[in-house]
Amino acid sequence: MIKVGIVGGTGYTGVELLRLLAQHPEVEVDAITSRSEAGVRVCDMYPNLRGHYDTLAFSEPDADRLGDCDAVFFATPHGVAHALAGDLLERGTRVIDLSADFRLRDAAEWAEWYGQPHGAPELLAEAVYGLPEVNRDKIRQARLIAVPGCYPTAVQLGLLPLLESSLIDAGHIIADCKSGVTGAGRGAKVPSLMAEASESMKAYGASGHRHLPEIRQGLSDAAGRPVGLTFVPHLTPMIRGIHATLYGRLTGEPGDLQTLFEARFVDEPFIDVMPVGSHPETRSVKGANLCRIAVHRPSNDDTVVVLAVIDNLVKGASGQAIQNLNLMFGLDENAGLTAPALMP
Amino acid sequence: MIKVGIVGGTGYTGVELLRLLAQHPEVEVDAITSRSEAGVRVCDMYPNLRGHYDTLAFSEPDADRLGDCDAVFFATPHGVAHALAGDLLERGTRVIDLSADFRLRDAAEWAEWYGQPHGAPELLAEAVYGLPEVNRDKIRQARLIAVPGCYPTAVQLGLLPLLESSLIDAGHIIADCKSGVTGAGRGAKVPSLMAEASESMKAYGASGHRHLPEIRQGLSDAAGRPVGLTFVPHLTPMIRGIHATLYGRLTGEPGDLQTLFEARFVDEPFIDVMPVGSHPETRSVKGANLCRIAVHRPSNDDTVVVLAVIDNLVKGASGQAIQNLNLMFGLDENAGLTAPALMP
Amino acid sequence: MIKVGIVGGTGYTGVELLRLLAQHPEVEVDAITSRSEAGVRVCDMYPNLRGHYDTLAFSEPDADRLGDCDAVFFATPHGVAHALAGDLLERGTRVIDLSADFRLRDAAEWAEWYGQPHGAPELLAEAVYGLPEVNRDKIRQARLIAVPGCYPTAVQLGLLPLLESSLIDAGHIIADCKSGVTGAGRGAKVPSLMAEASESMKAYGASGHRHLPEIRQGLSDAAGRPVGLTFVPHLTPMIRGIHATLYGRLTGEPGDLQTLFEARFVDEPFIDVMPVGSHPETRSVKGANLCRIAVHRPSNDDTVVVLAVIDNLVKGASGQAIQNLNLMFGLDENAGLTAPALMP
Amino acid sequence: MIKVGIVGGTGYTGVELLRLLAQHPEVEVDAITSRSEAGVRVCDMYPNLRGHYDTLAFSEPDADRLGDCDAVFFATPHGVAHALAGDLLERGTRVIDLSADFRLRDAAEWAEWYGQPHGAPELLAEAVYGLPEVNRDKIRQARLIAVPGCYPTAVQLGLLPLLESSLIDAGHIIADCKSGVTGAGRGAKVPSLMAEASESMKAYGASGHRHLPEIRQGLSDAAGRPVGLTFVPHLTPMIRGIHATLYGRLTGEPGDLQTLFEARFVDEPFIDVMPVGSHPETRSVKGANLCRIAVHRPSNDDTVVVLAVIDNLVKGASGQAIQNLNLMFGLDENAGLTAPALMP
């Protein structure tokens, strides 16, 4: 069994790691830390875990204990992994960071968006961006993984085939994204109250969201040139799910787009290119480590529309983190990730 | 008191007319028709109306009775107003049609999208498109009003200032729209069940939706040239509300966009241009005849983003119909339309 | 115009007072106080009020300014009205308290449930419990009103006819109540997050809730003897609404229960006894100052079941407060309270 | 591998069987029938099953094919299992019926509640009521299982300890139950539309619901005498979940109720007696084959309150059906049923 630790396990990505790992045949959770909840059993905080982790309790972060793990997940606010990752790597523990700490290759750009200096620039060179559909081989060799953000996962997966084939104008891409409320985390904030967020839809961060540079970096890699991206996220009255609606302008006659997408993802275990004419629903991936994609070309015109859905907590966070773990440790890539989505 | 009739009052726009008219100081509902529910009291079908319309019952459509009304609203599927409007106009009754029957000026285009011949092409010349922010003076003189669709209302209001000023590339406009489930009507269909539609988000009609030609017609009028539009509607897990996110590419330096929008709508009683940096929520217009708009220019780049929200049943249907009635009969334009939105 | 002030207007009952008073023909809001939000315009906090209160801003509580009002509403946590009500009454300002401060006649019982001494026991003698269906005449003469709680309103209205007629065993009454999430207020607490409270149902306070003594007091008055009550509230995944399901055991043959209920409430403008066999929905009173009631006797057995629904923010709080104001100032009892519920 | 068939797999209990069986290590689904959808792949109807059942398609019911299965689940409206079960049993195929066809032992009572004669009274003697917490040994030997209804499961599990110990007045039990909307099935009915059922709460069937005789039968067995039960179900705005709030009057001093409940269920793999003072949430069992229970005695008075939650589609239907299958075939009782609930 692979022994793992989780740093900062009180948030939604933390409990989702526990939920998924409870079904993983080759992993056991050895430690889970939280300063604020030290001593509390995880199943007292998350009653869905009663019967699964009846003795596991949150503990103070302890480098020795974490260093005994084969791998440690960070499900923390930004900055925490900066402080702890180096020490763990030295102890031979691999690090899978679900926060934004190692997603941007450029420390200066990170500092600009997060309003503080990058805390571990020396590790950037070896950090691998954990999108298996792009970096599978690097992930297999990696010691330090930056798990992609939820929006970046959906947007990149939906646009990769078009950008890699240079079929759309890379300078003017639009990503209109809709996220369920778990995307805002478990913090107690008035706008996240059910009385405020349900029965309503709103955009936010229209003038600039922290996921923008991450998406831009990934899309630019795919395009082989800097892309221009307008990214507008929206808060949607549902618990889980991201629906990315992606618009690109074709630069020429693209050939059959359906074939392009199917070919790009033919061997991907967690990408489902749906049949021509489909409109994927976020509920079709609820709880599952999947991205379902459909591609449309309305009126056979010069605008291509890609619809991509994920569960923000699974393929957009904890499920993808486990997928990375599986690759890093030579396990079956879908170990622990085979349950169908919960629908209805 | 102005006597009105409602044809086809069992759907959501019908009950919304009744709800709003219950507060209208100068209108009384004299007749409401429904073949399927003839004899049923409206308050037995819609218990929120108990105490407001305790005697009003659905009746068989009867041209004489409707012809006695000063105005008749059609809250019907397409085709019905085609069949009845001409007769009512001859009897001197004004017609306010909430269906799509008279929205397109081109009978052939109508026939193409609705799969049947246009039933009253001879009335098209005098039908007025009931968007007061564009056609207020014509509405005042009109006998026959085509009330705009819900998506078309939000999209046009959000784009008018930009197109009238020729500030964006009219050939490549994107309208990413999110609608609550009442937009799908009160028909008993599996995809509209709560067990299917809640906790999920999906696009639909990505390859072509019936509101597309209506929006295109209105935007082309504003632009003074045919526009190119990609319109993707999404079903959103909320009862009411439309959120239109509109993307245009600036063709030059636009000046201050906030000032442009404020100036365009300065005298409009039902348009609220929100402060710089705002993100309007659909709940802020729930039950109210309002469109709230915010304009963004992310990164000061060449893409402008407009956020426009309405209640699809009010400014997107029944409230706008009453606004038209008020104008046609020389009443205060906001008579019966002054209640604040229900929030939370 | 009657000049009113609102103390503590940032919560849901505060904004609901503003929403309803915007439609009141004879009231103007002169002051609204909030220490935390002083200087903020109410329409910046609650965008649904844009266009209705464009200049009104929260101010520091100021006894002189409030004392200039004809009446002051308290929409505050418990304890605040204790501190301020006496001074206002001396200035000739009437006080309508939506908090629990003056609901219990017994200061010692209050102290026990609220964990602090009662702050104004000298005012208890003149405080009138503002349930118009019981105390209408006293309310007309009152200077100080304790507006009933939301659960107590629904439970009392549903049980009054049975207890006043001594038809049920007063010693064993069960009130199983379901409330929307606004009942928990606008405080930022994790259990009120949409990600926690939606798509779930749970009881709370099963061993004792602060509304219990208030309900018991009112029911005991109606019964003319101390009642025994089991009260279990439940958090329900909706924004507004209370559904009270009330169970009593008949002590004899009760006669026609429908007639009993209709007769009890025949002159009540805000009580709707629904037809035999009805199951009232909370949405049928959403936004409206109404209580809809149905009475059932399953299998013609010895248990009677009463179903009573209200909007917790309207008949359960702010609407009822305005109904009290109307009575106190000799206005039409339903002034400002005539809008139908928002449905769908 | 055990080969199973599913008759009538288009409804919510059918797709839930497929979802759960996809994770079952020892079962394969060999046939699934639906007259209306014959020829349609299940994954085209339920996209969450894409990748899990890519070739399985609905077929016309065919006795030979079903008779080749080791077991057949009926996820059908009432009456269907009556018609087909006998033939399957003769072919040696075991039958697990999720419908109501074999739940009542008395064919006349069945006929009364379902408005048609019982179609297979000759099978009643051998049908076993599939509540493992009561009938585990009989289930192990059974050829024909009547899977309990959703409400009956929650109500019986919550009351068993009290009735078996004769601690409450069996003549006056109250079961106030709240169900998510999947309880109403996948039929296209107006009251089940999201626009009608969300943001609202209502009781239904207050004067008599078809689950009443089934619950009464089970409770009477536990009590050893006929019970008197008032059962009021409520439609709750959530997809899944039942919350049963159960009230009984203690007939004497009961001793420690917590200990009673813990002892009763100590060996039960799918019953979770929560700690003293708990209020179980339905979301804590979402997607899981569990019943979580808490017992309260408010004010130490003579009324006991039991809170019991299940997922109506899992422990209330398909999960319990699989639990029965596991017992019938000598498998590990929790095979395929080990996934934690999906929370948040």
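A few notes on this one:
Read from first to last, the chains carry the letters A, B, C and D; within each, the first residue is number 1.
By our rule, a residue touches a chain if its C-beta (ideal position, glycine included) is under 8 Å from a C-beta of that chain, and two chains touch if they have at least 3 such contacts.
Computed from a predicted model, the values in this text were never measured in an experiment.
Chain centres computed from CA atoms place D at the largest separation from chain B.
Taking B-D and A-D together, the pair of chains sharing more C-beta contacts is A-D.
The distance from the centre of chain B to the centre of chain D, with each centre set as the mean of the Cα atoms, comes to 45 Å. Look at where the CA atoms of chain A average out and do the same for chain D: the two points lie 36 Å apart.
Listed for chain A are residues 12, 182, 195-196, 198-199, 237, 239-240, 280-281, 283-284, 286, 344, each touching two or more other chains.
Looking at the complex, you find that chain B touches chain A at residues 172, 174, 176, 178, 195-196, 198-204, 206-208, 228, 230-232, 234, 236-241, 243, 245, 247, 249, 277, 279-284, 286, 294, 296-299, 301, 303, 305, 307, 309, 344. Those residues of chain B whose C-beta lies close enough to touch chain D in the complex are 12, 180-182, 184, 186, 188-190, 192-199, 237, 239.
Residues of chain B that touch chain C in their complex: 12, 15, 18-19, 22-23, 46-52, 182, 199, 239-240, 272, 274, 280-281, 283-288, 290, 292, 313, 338-344.
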